[in-house]
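Structure, as structure tokens:
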Amino acid sequence: MLGEQELMSVPGLSEETVRHIVQEEIERAAARDQAVRSAAFIASKGTLDWAYPPLILATTAAASGMDTSVFFTFYGLNIIHKDFERKLKVSPIGNPAMPMPVPMPNFVTGLPGMGPMATHMMKSMFAGKHVATIAELLESARDLDVRLVACQMTMDVFGYSQDDFVDGVEFGGAATYLAAARNAHVTLFV
Amino acid sequence: MLGEQELMSVPGLSEETVRHIVQEEIERAAARDQAVRSAAFIASKGTLDWAYPPLILATTAAASGMDTSVFFTFYGLNIIHKDFERKLKVSPIGNPAMPMPVPMPNFVTGLPGMGPMATHMMKSMFAGKHVATIAELLESARDLDVRLVACQMTMDVFGYSQDDFVDGVEFGGAATYLAAARNAHVTLFV
Amino acid sequence: MLGEQELMSVPGLSEETVRHIVQEEIERAAARDQAVRSAAFIASKGTLDWAYPPLILATTAAASGMDTSVFFTFYGLNIIHKDFERKLKVSPIGNPAMPMPVPMPNFVTGLPGMGPMATHMMKSMFAGKHVATIAELLESARDLDVRLVACQMTMDVFGYSQDDFVDGVEFGGAATYLAAARNAHVTLFV
């Protein structure tokens, strides 16, 4: 409710003028809308191929000015582990969609040596097309102020300590993720 | 359009006062914004490890006062099947990110007995850290009024009937999910 | 700021009337809210089973009047490849949740011939319940003006050219996806 004084002060505005003011203010509020400018990703997979999508999406979002965070949970903790270069592998097994130089039956892809070959092949394919490496994407993410949050619960379950992770990582839980995601339009579970 | 009478009734408000009222009402509308307080998850995987994320996220969201639903589809129907304790297994095959007590080549993880061992190992790891079991998470979800919706189409495809599922489950389709998700900021496909 | 003339024109509105106008305009703005009527999906998996969810969700969303797009990336490029009928297979390996006619240990599901059998079985299960085929879902998506966008970066990495894809596909990157997703409530990574 407004004071007596304000009600008296001026001759007044027409309905048309009031509607115009209102529409202007709504447009301004929409332009300030945090959700349009925020993205909250979850990275839950720990293989080389699935490390790319959350990091590429997050750095692209942040580069366009969006408030961006990535929550690393379950196998996704591999991505920010200090030893990620060795931990992020790719398996051709159980993924008939993975392009192999030569089609191979599953009992062959399961043989020793096929996993390392697939991992090496994927790294070469990405490097050959000048796609940033995981190390470079992590570096970009930090430069662009992407919040990197490690899931404390799955860290405990898998026996990781805070020292196991790269610099700049925060620690939190599902509630930390949801606090960011509820104010973001872009929310993706990778 | 307003009636003649209303237009005559008072001396009028200044533009500044009108803008103040408008900003107040916009703030109130934003505080009522359903989307900020709603989460709509899809649970599509049927293994023990992937049963945790949708249930942990959904119960955490509901506990913080959000309107929350989980749509169970494809292999995710396993999670709410009456026989979920037996159906939810974990496979070390094709997932080089899965922590194993000893690193093993894929042809070993494919041998009989390795699947049950991995399932048992994961249950122990979670129990050892006092993480709620799937049974406890389902119980919490119901207590917190999380809507649990089974996908009727994939039920038909996989040959399930409504009696196959735990109490409190609703039945619907992609349209049911989208009706909830279009009014929610947090929408995740697990 | 409004002109002198407008400020003079009428006797003025009461605070109550102004609040009423404001609430009316906010409701109208909410009804126009693009985000409630938009869905932006990512299809990243290249197997038959995971081709269904993005196409079923996208066609259902579009059929209900939502602005809908699907961004095909990584293995998901298989879904819109001209040769998708042959490329989309399903693997029983490493997915203990996949219903099999007879339970089989993993070393059996890895034998030659089990992949084609699982693929054939899944196609029969869906056809038996009159679920649309992938070809029919792609046709519907185009009829309903679902935007189908192929990820140029992963096309380059996997060695695909624009001619490899079905008609009606656009080409773009992570920024293309995010431009759609930031204005949509429904954003899912399948």
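Order of writing sets the labels: A, B and C. Residues in every chain begin at 1.
Criterion: contacts are C-beta pairs under 8 Å (C-beta built on N, C-alpha and C of every residue); 3 or more make two chains touch, one makes a residue touch a chain.
Predicted model, so just to flag it, every value in this text is computed and none were measured.
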item: Superposing rotation of chain A relative to chain B, computed on C-alpha atoms, to nearest 5°; value: 120
item: Same-site or different-site touching of chain B by its copy chain C, using the half cut; value: different
item: CA centroid of chain B to CA centroid of chain C, Å; value: 18
item: Contacts with 2+ other chains: residues of chain B; value: 2, 7, 10-13, 15, 17-18, 21-22, 26, 35, 93-95, 110, 185, 187-189
item: Contact set on chain C toward chain B in their complex; value: 1-2, 7, 10-15, 17-23, 26, 30, 35-37, 39, 49, 52-53, 56-57, 60-61, 64, 66, 93-99, 105-107, 110, 125-126, 128-129, 131, 185-190
item: Touching residues (chain side chain C, partner chain A) in the complex; value: 2, 6-13, 15, 17-18, 21-22, 25-26, 29, 35, 42, 44-47, 73-75, 78, 87-91, 93-95, 109-112, 114-115, 153, 156-159, 173-175, 177-178, 181-185, 187-189
